[in-house]
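Next come the structures, one after another.
One chain, chain A, appears in both complexes that follow, with chain B as partner in the first and chain C in the second.
Then we have the complex of A and B:
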């Protein structure tokens, strides 16, 4: 049961700007045009911050101001890597006041790391929307050694911590921002199905 | 009532755990009918029923001392089995109060609780513990209150916080579990942590159970039974240690099946807690070899029929697939096919000799 209807598996809807917000922060794991990832831009009044991962050391996260179609202010920043962005996000959330709405779009490991920081900063679940985009590859939490192996695309993958061959289950933890991995051949060592590419 | 504890028995390595005849007869057998399917089988947790295991809020039996020692061993190797989110401190004290009061009332010869305002003294004679502390002040106990008291109780416990019309598993002490991980599931909603269970979601079991539990009242606890099977009397069948216990499933033979295969029953109880409004979920595990169960005539026959006709998805989920046929073949020798009365009571007061 690798891909199933397990209820811990997130179901996503398109992002939509919350009209009750005082500030919006839209976060993406790569350069994705705002109007492709979020609805409601035409009527937005509150200022929008738009942070993206550029995946290059050539950027420095400096703000660049644009105007949305509605006329609201859009401040864009590009970060060198997701770790760089998440570090900046923790800093920002620690100083935020009520009225911020957070939106994360990208691969699952990324968006749930954003959601975890939001939760740790005391935001309500409804104040942080997530939407999946891009590869289906998964971050896998090894239930035996607690290592998270990122970017798994196959039904069975070696844990980067203890080396066990893990079955990637459909059971997802928002706390760990990862799927559960369980040793495939624990009962009979060496006895497991060949790995198939199922999360391209 | 005196309980003859067996402090030396083990749930790992040489597996010296065994049930006395009295313990077999009080086993909370889970099958009132010849077939099994998931259902919301919740009933009031009031004293009485087909087994003395239901007579108290928290049952203490002959395995108490050994089970507490086993819990301490698991925690020494893996402290992540006890995890509580920071906002659950009121629920920790609620749990300590509920278990201490229940134990002292149910088993006054074993436990006593003296309260003078917030100055409490707790005495646990079987484990040789005596502590005085200030209720509400965690610095006066040697361990955080939830860990302190659940180390002195049989069975696992989880704490469910209630908010947003949902229950969140925001803490627990889980060392005797049937293959689920608290460390992975902590913080999940009711439907999320039950995610891997097959069939029951489609039947609406969890929707109905959640609605029911959100209305659970203080002072009106409820209970249900769940079951699976375990090879050897092993309490710690955690996913964390699956590489250690998984190979046991390949060791069952026609010769040893009666002794190796154990029915594992969870007496699950749910209590609304008074200060925190959280729910304490007790998951008390009972283990009995199918050889011993078959000494109760009605149980041997019924278990044979349930296992033989079990839905394959449930057998798979419970991990029975490798040895189910051997167990069914073993039990078939005890089943003459006669119609059985509905219910779980053993309907006999002595057991025939073993073997």
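Then we have the complex of A and C:
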């Protein structure tokens, strides 16, 4: 295994509402109570949008309006799937103005896809916080065929593009929002360690 | 500071207003001027007999055009000599020594759009910015604040650009700027250059509108250096003591004593003149040291800062 103290491996802190913001957008890959994923709700003044992936076709398209403890307006919207949410996010960001802060919580593949869209829309890293929650499974970028294999839980995994057995590294690419995978048996074809479940 | 010097010939010295004068220089050897980028400045080495000064001026010329360098100099009422010398004693044909262009106020290359606020002569770096933005097609917007009697001079410098991008304000009303700050798309960066009060007000307004500090960029030439209590600077390595008078800066006093001290912007911004303090307590007036460095009292920016104690011992 090539797991190490590679610097590109993201380190996460708990999300915290930035009091300097004029608007907040909190994005989660599944429905989680807002106060469990983010701090600062008690003193928030700016309106908060809360977008979640419902992972079901039975979503209510209408936003639900709640109030945070501070009285801040919270508008919650559910999306059928993460692709649906990410599609709406890129449209939203194209119309946004400076003053927005974005927060993403969930599995790493998801939160870094949010961060990638933010970066592509011109947001700075300081305007987009990420926090990991849920499974440790990884999206793995095959450095040979460039295919991203989602949801890998094992130390070695078959690439969904070229079928190569890839060693899943700690080396993380923010551009691809994925961990690097390199061919496990490059030197001795057919010889590689058995796959272990290490990203439950 | 780099020792390499340029010889520049004045090819035009044109008054723009009673206190503003534009100077255009070509390389004295007839070649191309050195490369620079938008926001760069050049230091002019001004000499008259025993008197000498090195003053930094923002380049206003398009950096892509290597045929010449241009600056605009404001004649300062309480001039320490540099601007008065340029206004009164430098004319076409003269050759002036200068340092290589350096850039302490570069454009953020990843920005999608640029919003600029300038006050008075603080417009100068943005003239180079705008030339670069126009050449590459990056959207920009300028809010320029100036006195009513100088509106014409500044408007003339900006006349070639679309009126929709240029907003000239002759009062202290920041409402137009506030409106602009509230509607900038996500990739915008914000730059200020001008009097400290204007830059502070513009920065505060941006922060209050939700702009993160990483998007805010400030050029801060001059203005910080004003006099104060006289004190004695002990230059430990040189083994001399220098009297710093109430109207003189520490850096000027050190230079007058014949000691070579590092410096660049002479405005407390660039960090080049940072010097170790061995004893005594500095009175910090710079924009460079962070709170921790200030509190340690171990460092001083000689160009603008002074002393709280009657003596200040420096590693010079």
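In the analysis below, the second predicted complex is superposed on the first by the 196 of 200 C-alpha atoms of A that agree within 3 Å, B and C clash if a C-alpha of one lies under 4 Å from a C-alpha of the other, contacts with A are read in each partner's own complex, and residues count from 1 in each chain.
Here is the rule we use: contacts are C-beta pairs under 8 Å (C-beta built on N, C-alpha and C of every residue); 3 or more make two chains touch, one makes a residue touch a chain.
Because the structure is a prediction, the values reported are computed rather than measured.
Between chain B and chain C, B touches the greater number of residues of chain A.
When both complexes are overlaid on chain A, the residue A:186 reaches chain B alone and has no touch with chain C. Looking at the shared chain after the overlay, A:89 reaches neither chain B nor chain C. Residues 125 of chain A lie at the contact with chain B in one complex and at the contact with chain C in the other. Against chain A, the residues of chain C that register as touching in their complex are 111-112, 181-188, 207, 209-215.
By the touch criterion given at the top, residues 80, 164, 181, 183-188, 191-196, 198, 201, 206, 239-243, 246-247, 249-250, 322 of chain B touch chain A in their complex. Chain A meets chain B in the complex at residues 1, 5-9, 125, 141, 143-144, 146, 164, 169-176, 180, 182-183, 186-189.
On the chain A side of its complex with chain C, the touching residues are 18, 20-23, 46, 93, 96-101, 121-127.
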